[in-house]
Amino acid sequence: MTVTPFLSIKNLTVKFGGLTAVNDFSMDVMPGSIHALIGPNGAGKSTVFNCISRYYQPVSGDILFQGTSLMQTPAHGTAIRGIARTFQNLELFNGISVVENVMVGLDAALKRDGKRLSPRQMRLEAEAILERTGLADYRNEQADALDFGHQKLLELSRALAVRPKLLLLDEPAAGLRNREIAALDRLLVDLVRKEGLTVILVEHVMQLVMSISDGITVLSFGQKIAEGLPAEVRQNQQVIEAYLGREGGAAA
Amino acid sequence: MDWQVIWLFLQQGVASGLVTGSIYALLAVAIVIIFKTTDAPNFAAGELFMAAAYVALYLLVFLALPFVAVVPISLGIAFIAAALFYRIVLQKIGSSAAVTVNVVIATLGLSFVLKGLVRKTGVGDVPRSFPSIFGNDTVMIGQAVLTMQDIGILVLAVLSMTIFFLFFNFTRTGRAMRAVGMNPKAAVLVGINLRRTRMLIWGLSGLLSSLAAILIAPKILMTADMGSVVILGFAAAIIGGFTSLPGAVLGGIIIGVVENLVGLFISSRAISVAPFVAIMLVLVLRPQGLLGGKVAVKKV
Amino acid sequence: MPITLPAKLGSLAVALIALIVLPHLTTGYVVYLANLMLIYIILALGLNILIGETGQFGLAHVAFYGIGIYTTAILAGRFDVPFPVAIVAGMLLAGAIGFLLGAVSFRMRDIYLALSTFAFGEAMQWVFKSWDDVTNGPNGMRIPQASMFGFRITNDHDAYYIVLAVTIVVVLATVALMRSRLGRAFRAVRESEPAALALGVNVRLTKVIAFTLSAVYAGLAGGVYASFSSFIHPDSLGFTTTILVLTMIVVGGLGSIAGAIMGALILGLIQELLRQAPSYQEIIYGVILILFMMYAPKGVAGAIKARFGRSAAK
C-alpha cells in the first residue's frame, strides 16, 4: 500500500498489575476512513482508546499519528494534535449546561489555532454544533438531566467541537433508538466523506458497524483475531466463534 | 546528651508513646470505620470525644456515681447520640443526592453544637480535671516510669481493640459492617440493611471515642476545646492509609511514640506542630497514606 | 418564572446605590460590619474558585488570609512601604505559597487533600504564633494606620469606599474569569478529569492555578483587612475561620458566584448577630448548618435556581 496510515498502532502491550489487557496489538487506520474496532466485552477495545488518547501508558509498543509518535504527547496534548474521543461509560461534565460542555471542546480547537472568541460567538458556535447533532433543544439543560442516548450524543458533540482530524467513538450508538442510530449513521458518513475526518469506532450495534465501516479489526482477550473488510470479517470463522456466536447472531 | 540519657529517653518515650498511641489508635479506628462505610470523614469526631468525656465527668463528679456505673452509662449515651445523629441528620442528607461535602458540613455543625452544649451547661467553661481510675502509683518498666493509670489505659485499649476486631471479623453484624465497607451495592444484594448497619457503625464509633475519652481524660486538662487531640487520631488514620483498621492501629502507635520522642528530644513547643508536619510530609511523599495501596488511575 | 434581565439590572442598581449611601445613614458599627462582610465576600469568592469551581478540597484558606494580613502589616509598619504596594506584596506572597502548596498536593484527592491542607493551615497558624521576631508571636501585632492614594484611613468610614471598590472589582473579575476558558477548565476538572484531559485541559496545571488564585484572593482579603484594622491576633487565624468561609460557600451554593456572596452575607451576619448571645452562638450556628444541609443541600443559589428556573443563579 502506498498511502501512509493516518494512525498506526505498533505492537501495543498494556498491563494492569499482572493482567495483560492488550497483547502485542497492531492496527493501521487509513486517512478519511471509518475503522471499526469490535470484540466481546473486556476484549481491550477501550484500553486501546485510552492508549491513543494517552490516558493509559502502555508497557511497550508505539502509536504513530500522522507519522509521528504520540508517546511524547501528554494526555492533555492529544486534543491539540487533533484527536478527540468519547467515553464508553460517559464522562460528561455533569454539573454544567449542555452548551458549556460543548464550549470546553471549542476551547481546545481555539487553543490549537491560537484564537479567542467572544462569549457570544462561543455560544453561537457551540449551538451550531448542537444543531447538527440534534441537541439544540436541550442546550440550556444541565448535562446530567439528559437521558442516556442524548448524553451519548452530547459526548459526540463535545468531541466534534474540538474539530478533530481523528475521532475515537466508544459505543456512540448505545442507548439510541433506531431512528437516532440512522441519524448518527448519516452524520458520521457526512463527517468522513465531506469533511475528511478519520473515525475509529468501537461499537456493538452491528447494523451500524457493517453499514459504515471501511475496515474492521476484531479484538478478543487483548489479541487481534481478525482484520479486513466488513464482508470478510463477517465470514471469518474465528470471529463468529469468539464474538458473534456468543453474543448472539441476533446482534449481527 | 550522653548515651545513657538517650537510652533512658528512648525507653521512656517508647513506653509513654505506647500509652498515648493506644488512645490515638482507638480514635483512628473510630474515624476509619465511619470513613470506610459512609465515605465521609467525621469532622465531629473530636467533639464527640470531648462531649463523651464531659458526660463521664458529670456522672462521676456531679452525680457521684461509681465507676462501674459511669463507664457503661457513658458508653451507652455516646453510642445512642452518634447513632441518632446518623439516623436523623445524615440519612436525610444521604437521601437527597448530596455530595460528601454536605456530610462534612453537617458533621462540622454537630461539632459546633456539642461544643456549645458543653459550654452552656456550665461544666465546660472552666478547665477541669478528671479523676484517675487506676490511681497514680508508679511502676518501673526497664528505666521507664509509668503510672497505674498508664498501665490501665494500655491494657484496656488493647483489650477493647481486640474485642472490636473479634466482633468485626467473627459476628454476623461485624461481617455485615465489613461488607458495607467493601461494596455497599453488593451488601444490599445479599440482604444487608444498609441504613441500620451504618447507624450501628456511627454508634460504635461514638462508643470507641467515649472509651478513649474516659481513659485519657485523667491525663489531660479538660476544656471544651480538648477535642483537638483527635487530630492525632486523623494523623494516625492517614499514616495507616485511612481505610485499613490494622493500619489505623499501627498509625496510632507510631504517632504516640514519635510525639513523645519529639517532646523529650526536641522541645515541647515543637510537639504542637509535629503532627501537622508529619501529616503533610506523609501525604506529599505518599498521597495515599503510608499503608494505602497504589494511587489508582480512574477507569474510563 | 425566570427572572428577566431588566429586573436583574434594576435590583443591581438599587443594591449599588444602597451600598454607596450606606455610610451616610448608619452608625460606625454598621459600617464596620459592612467592611467585614466585604472581606468575607472576597474570601468566599477565593475559596469558591478552589472548592466550588475546581472541586479541590483545600482547607488552608485562613493561612493565606493570615499571610496577607501579616505581610501588609509588617511591610507598612516596619519598612514604611506604601499600603497599596504592601497589599500587592501580600497577595503575591500568598499566591506564591499557594502555588507551592498546590504543586506538592496535586496528586492528592478528597480526604487526603483536605487533611494535608488542613495540616498546612494549622502549621501556618503555629508559625504566626511562634515566630516572635516577625509576627510578635502569640500576643498579636499592632497594624499601623493606613493611608492610600493620598488620604488617611482613620476609621471604618474612611475605609469603606476603598473596601467596597476593591470588592466590586474582585466580583467583576471573578465573573469574567468564570466565563473564560480558564473558568471552564476549572469546572471541567471538577466534573471529570479524564474528559478534561481528552479535551486538552492540563489538569495538573489547572489545579495549581486554582490553588494559586484562591490564595491570591485570600491574600488580598488579608491586605484589605489590614488597611482598616488596627490589630491582628493569631488566635483568629485558626481552622474555625476556614470553616466559616467553607460553610459560607456551601450554604450559598458551591460553584456559584452569587451563592458565595449570599453565603458570605448570611453567615457573616448570623455570626455577628450571635455575638450578642455568646453562649448560644455555637449551638445555633451548628444547628443552622445541619438544617441547611438537610433541607437545602445545594445552598441558597441551588434553592433559588430550583424555584425560579435557570437564569437566576448564574
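The chains carry the letters A, B and C, assigned in the order they are written, with residues numbered from 1 in each.
Following the convention adopted for this analysis, a contact is a pair of C-beta atoms (placed from the backbone, for glycine too) under 8 Å apart; a residue touches a chain by one contact, two chains touch by 3 or more.
Since the structure is predicted, the reported quantities are computational estimates derived from the model, not experimental observations.
**Student:** How is the touch graph of the chains shaped: line, ring, star, complete or other?
**Tutor:** Here the contact pattern is complete, since every chain touches every other one.
**Student:** Looking only at C-beta pairs that count as contacts, which pair of chains has more of them, A-B or A-C?
**Tutor:** A-C is joined by more C-beta pairs in contact.
**Student:** Work out per-chain C-alpha centres and flag the one nearest the whole-protein C-alpha centre.
**Tutor:** Of all chains shown, the one whose C-alpha centroid lies nearest the global centroid is C.
**Student:** When the C-alpha atoms of chain B and chain C are each averaged to a single point, how far apart are the two points in Å?
**Tutor:** 32
**Student:** Suppose each chain is reduced to the average of its Cα coordinates; what separation in Å results between chain A and chain B?
**Tutor:** So the centre of chain A lies 49 Å away from the centre of chain B.
**Student:** Averaging over Cα atoms per chain, report the distance between chain A and chain C in Å.
**Tutor:** Distance between chain centres, rounded to whole Å: 42 Å.
**Student:** Chain A: which residues touch two or more other chains?
**Tutor:** Each of 55, 87, 91 in chain A touches at least two other chains.
**Student:** Provide the list of chain C residues touching at least two other chains, using ranges where the numbers run on.
**Tutor:** Residue numbers touching two or more other chains: 194.
**Student:** So which bits of chain B are touching at least two other chains?
**Tutor:** In chain B, the residues touching two or more other chains are 300.
**Student:** Under the stated contact criterion, what part of chain C meets chain A in this complex?
**Tutor:** Contacts found on chain C: 179, 181, 184-185, 187-188, 190-192, 194-203, 255, 310.
**Student:** Which positions of chain A touch chain C when the two form their complex?
**Tutor:** Listed in rising order, the residues are 53-55, 74-80, 84-85, 87, 91-97, 100, 103-105, 107-108, 110-112, 116, 119, 140, 158, 162.
**Student:** Under the stated contact criterion, what part of chain A meets chain B in this complex?
**Tutor:** 46, 50, 55-56, 87-89, 91
**Student:** What residues on chain C touch chain B, complex-wise?
**Tutor:** The touching residues are 51, 57, 104-105, 107-112, 114-116, 119-120, 122-123, 126, 130, 193-194, 243, 246-247, 250, 254, 279-290, 292-294, 297.
**Student:** Please output the residues of chain B touching chain C within their complex, sorted ascending.
**Tutor:** 35, 41, 89, 92-93, 96-98, 100-106, 108-117, 119-120, 231, 234-235, 238, 242, 269, 272-273, 275-277, 279-280, 283-284, 287-289, 295, 298, 300
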